[in-house]
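Following are the structures in question.
Each of the two complexes below includes chain A, the first together with chain B, the second together with chain C.
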Partner chain A sequence: MIRLIAALFVLPVALATTLAAPLPASAQSQEIVIGLAYPMSGPNAQAGIDDKPVFEIAAEIANGTLDLPFPFYQRLKGMPGLKGAKVRLIISDHQTKPELGQAEAERLITQEKVHALVCCWASSVTATASQVAERYGIPFVNAESSSPGLTARGFKWLFRTSPHDEHFTQVMFDFFRDFQKRRGVKIRTLGLTYEDTLFGSDSARVQRELARKYGYEVVVDLAYRQRTTSLQAEVQRLKAANPDVWMPTSYQQDAMLFVRTTRDLDYNPRMIMAQDSGHISSDFVKEVGREAEGTMTRSPFADDLLDKRPIAKAVNDLYAKRAGKNIYDLPARAFTGIMTLLDAINRAGTTDPEAIRKALVATNIPGDQLIMTWDHIRFDATGQNIGVRAIIQQLQGGKYYTVYPFEIATRDVIYPIPAWKDRK
Partner chain B sequence: MEIVNFAHGEFLMLAMYVAFFAWLLARLDPVVSFPLAALVLAGLGWATYHGIIRWVLGGPMLAQIFATFGLAVFLRSAAQFLWGVDFRVVSAPLLGGRASLGGVFVGLPQLTASVAALGAFVALHLFLARSETGLALQATAQDRQAAALMGIDTERMFALGWAIGAGCVGVAGALLTMFFYVFPDVGAAFALLAYVTVALGGFGNVPATLLAGVIVGLVEALAGLLIAPALKYAVVFLLYLGVVLWRPQGLFGRF
Partner chain C sequence: MAAAGPLRPFLARAVPLLLLGAVAAFPLVFTKPFPRHLMIMIFLYGALATAWNILAGYCGQISLGHAVFFGIGAYTSTLLIREAALSPWLGMLAGAAIAVVGSQLIGYPVFRLRGHYFAIATIAVGEIIQALVINWDWAGGARGLFVPIKRPDSFVNFQFHESKAVYYFIALGLLLLALGVTRWIEGSRRGYFFRAIREDQEAAASLGVHVAREKHWAIAVSAALTALGGTFYAQYVFFIDPESVFPLSLSILICLVAVLGGVGTLWGPLVGAAVLVPLSEGTRVWLGGGGKALDLLIYGALIVLIAVFQPGGLVGLAGRFRRT
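After this line comes the complex of A and B, so read on.
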């Protein structure tokens, strides 16, 4: 059954790529085979389904059947470095199961003879699959996993274009620094509230460390029970300590309850800096977005900039036609990952793994050629992209707008957040 | 009434949806629509008795547990199927803000809800203690056979008991939507606390449940304030464990 489903997904892709790109008569027999292990079934199947179009777009750009009029993509057109070798994608399904991801990576490398892997979306699967690639010495590009530990294992073959969770928290403190300079306000004290599972406690740990590093005082440090029936005690503590910035880490239910409770108890934080997740979920924005006016969150992708940045718009036009919706964070990161790999293979001029790895190490893609709002793509010694930059968005009138970095912002920061009694 | 309703949390969820849709479709604030939710739920309780409970009352304990547990799973899944897993809230309820009670700030919706709950409790207590039907209901709960011998229609009393129980949760659910989000799984968090409260007071004793409710609420709030919010339920359940070890029938229970 699983094989059947996987086959059902792989078959159309294989057909589409071969049909869409009829080999010219002079084509060489050389082929670039890229293995993609993604969740195509199971609870996170939507992620794989949403990512598939960007991989096809990337392959078509490399195969010269699709034109993206920007210098970086023009250079890759037809893979001149390998004299027109064709890219073939093999999509396999790991169902977000680490052991299956490991088995699939093994199969792709030993049986399908892939030249490189782009994998795996979920951090837990990336952890196991990348070990296989490391053992066989096959370049492994990770575009979406955010667990910081993945690039701390001393791997030689793993390259991560995606930011990880520490970058996401770092941007909050970069924002505090720049915002204080820009507006001449003083931010000294922070209040942390976080739900009591791994997500919350990890987030708080990093926030605490960074607060110490940059000299902020944490005046509230409060774990709360996830999916609780009441947050009154928590909000009362915040209200009593009244920190300059309230930094909540919540899933959406608690995030919604927090909004209600702050209103009922008339707690008026001057600045709210949330850790993504609950505070940016579509239900949160739809149901309490207007009440939560002024809430800021770190965000991985500036969807309000889609139309403003030509490259993002061009890719989104292609994507929307195939996926039936706008591109968002994860497919955008996936696209960036596979293009980085194709660029390295093109510069290597061969499918030899060691040559591709060396080319990956030398990667340098400027930010204006990326659909992500990053500075550039360059890898450090651990294989982590150091050009990543997360952004800060703020709820204004029931919608999130990018407010930081200031040079790409679409709106000014609302500060302080209007008190409950002054609203409407 | 000799049987624990494991679908109580799901009844609460349905009441919340009734209040939510009354607000969404007819712009009726929960403060206004809670009698409607109580009526709908009472009807549901009555139907549950006649449709399910009546048939398993004579059966083994396990069958009774699984019947209401199955009902809970069914209701939850049905809600998910009909209304999706999205979280909904009644935005801009009539009552917002806070009230000051001798220097202590309480959210106005919460205060309203607790006053209404107290009102419902007084009404229920008067009904049970003073009216003939109420006394008949108590008699049925105490001893079904003896009550039947006294000429009480125990069948009707059971159905009434279910209707009243569900009606009460209807009031609670509707008022809860003033400050809590609605989604198919919302009942679970409250149901567990409700069981603990009832068991702490003692099954079958309505005033004791009120006292237990106040104790649980106080312990939860104080533990949250003085120890750590993450531990507030741990303290509540610890207290419960302590009480049932010492008095398995609850503080004032008869059974």
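After this line comes the complex of A and C, so read on.
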């Protein structure tokens, strides 16, 4: 028995010894090493797999092997600020577990000697990994996590290019304000339905706060069990209260069930303002896109503008070739995040962490150089990008079109949504 | 084979001491954070599985809801820091106390069930508690809680940012505590009651074992030790949310570690952790970046192999060694 335990002790020690040694670095004198901790396996692996191509595209642009003919990207070609230093990416896996995110950040910083981190997709993992970067003083760019609290911790080394949940919901209320002015309609009452895990309860919390702030009355406030088999009671409640806007927060399966239940019970909302996710998933559009005519959703990425915006088109052409599908919200945000970091490193002209941090603070990338429909990238004192802007899309004839902000809209808003009995 | 007659008792005494010495010297040799992290995780999961083993291995009540106690430990100490600025060490004790109370409340209904139904009920309890915490706004709800960072490092605050060595020894302490408690129970009257219940509840009752009371004892001890691990986790990672400290996957992992190592034995859970943790971390670091989930595939295949060829757990290997 004791010998067995002694023998088994050798395993971790042997492993620790080998894992402690960094992977062989190339002989290159000047090298920019960027650590990317993403979910490459486990329940969210698809996110990491979908993001990988944009990181490679970004590295190739910086290494001068890929040409993107727009001024911002031309300036980064071959990283002239560092006299042609090569960018090396180290992609690692955290399986969406906070403690693994922490361990990976430590390993990447102390053993792989990364100069900066782009990390981590999931908010809970970003929460722990960014603490490590803060402790070691390594620039940390977050491109995708949406929990507002991340940038409220007074961190010096954390920079978030992504919008967070409050921005996402803010756009709905901006839309209500502008839409009422534009069309001369009155919106006063809101009905909230939301699934009962993190996503739904958080979304409803922000919606409630903003409704109070802007003077709307919440007449239905209803959490339901995720993946439930019946939403009849919920739809009955909505029908009885008949709010001016119905604001659902649902994953795909529930969103589809909602559409069918509203039809079965003949509930005719005048306006539906959904919170992304289920209502915008490709299966939702494919299965019930026609029935859900007129459904609006906040959306982080205007895919119907891909062809109209040259930069987005150019990046998407590169992406589609590698990923076998069009770029969408999350990879687009990841690309924006890593390019922001590369720009800062190039301007810093060195891999010294403090110099990169200062360059990040001074970041100012104009909106017309981004694939996102944002105003610009500039960070406030908390490290949050203040140029972010979400958009509103509406289902029209089975496809989502951008309807807000009005100046980039491809379609007019359909309002009110035609009643079930008036549809063919 | 080797180690003839008089040498054997000497070895039996010397090897554990040498081993303990090696474990104590480990952080001096390995100064990088990652190897230390690896060992800390072995100690933590070893301690959790050892605690689980008291209820499941010795008393025969297979719980798949132990994440509840882990989460109670993590949340209690973190909330006490945030609301009352209480040292996590006291929070740790408070967490253990609440876990004991909680375990008694949970035990009252679920101990009426047996075998598979007991296991299913513990899954349900775990899911219910997780759902409650997700919707409990005061405790951070689904967003989770940050442990307020305090500088500089101090023992009172249970925060060590400069070096992992202190965490290493605290985790080792937790493991030794869990092993010590198990060893003590094993040799005590209560330990025999537990095993009697595991083997045949009716027979045990007919011999005068107070079955319900003994089960409550087992879950109380097991829950308290698990909660200590929860507080340690919160102070190690500095961020907790229901998804990371209350998940069913954690309950199952604790069970897996113990079962793989050997249920109902003193060393089994630790052996399981010493094999499983490096295996999962090793495959992840080497193969995880590719995005092909190759790491999990290999990890899973190795678990299957062990389960097929060593169904009694890895400690069973000791018997084989001895016979050859």
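Following the convention adopted for this analysis, the second predicted complex is superposed on the first by the 396 of 424 C-alpha atoms of A that agree within 3 Å, B and C clash if a C-alpha of one lies under 4 Å from a C-alpha of the other, contacts with A are read in each partner's own complex, and residues count from 1 in each chain.
Just so it is clear, a contact is a pair of C-beta atoms (placed from the backbone, for glycine too) under 8 Å apart; a residue touches a chain by one contact, two chains touch by 3 or more.
Fair warning: this is a prediction, and the values are worked out from it, not measured in the lab.
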First, second, both or neither for A:M40, with chain B first and chain C second: second
Contacts of A:R75 with chain B and chain C, given as first, second, both or neither: neither
Partner chain(s) touched by A:Q131 [first = chain B, second = chain C, both, neither]: second
More chain A residues in contact [chain B versus chain C]: C
First (chain B), second (chain C), both or neither touched by A:Q95: second
Partner chain(s) touched by A:D196 [first = chain B, second = chain C, both, neither]: both
Touched partner set for A:R260, first chain B, second chain C, both or neither: first
Partner chain in contact with A:E106 - chain B first, chain C second, else both or neither: second
Touched partner set for A:T229, first chain B, second chain C, both or neither: first
Which of chain B and chain C A:G48 touches, first, second, both or neither: second
Intersection of the chain A residues that touch chain B with those that touch chain C: 196, 223
Chain A - residues contacting chain C, complex: 1-6, 8-9, 11-13, 15-17, 19-20, 40-42, 45, 48-49, 52, 90-93, 95, 97-100, 102-103, 106-107, 110-111, 124, 127-128, 131, 135, 147, 149, 153, 196-199, 201-202, 205, 223
Interface residues, chain B side, partner chain A - complex: 86-89, 91, 96-98, 105, 107-110, 179-181, 183, 189-190, 193, 220-221, 224-225, 228-230, 232-233
Chain C to chain A touching residues, read off their complex: 11-12, 15-16, 18-19, 22-23, 26, 30, 32-35, 37-39, 41-42, 131, 134-135, 137, 141-144, 146, 149, 161, 233, 236-239, 241, 243-244, 267, 270-271, 274-275, 277-278, 281-282, 284-285, 288-291, 293, 295-296, 314-315, 317-318, 321
Parts of chain A lying in touch with chain B, wherever the complex brings them together: 196, 222-225, 227-234, 236-237, 252-253, 256-257, 260-261, 263-266, 283-284, 286-288, 290-291, 420
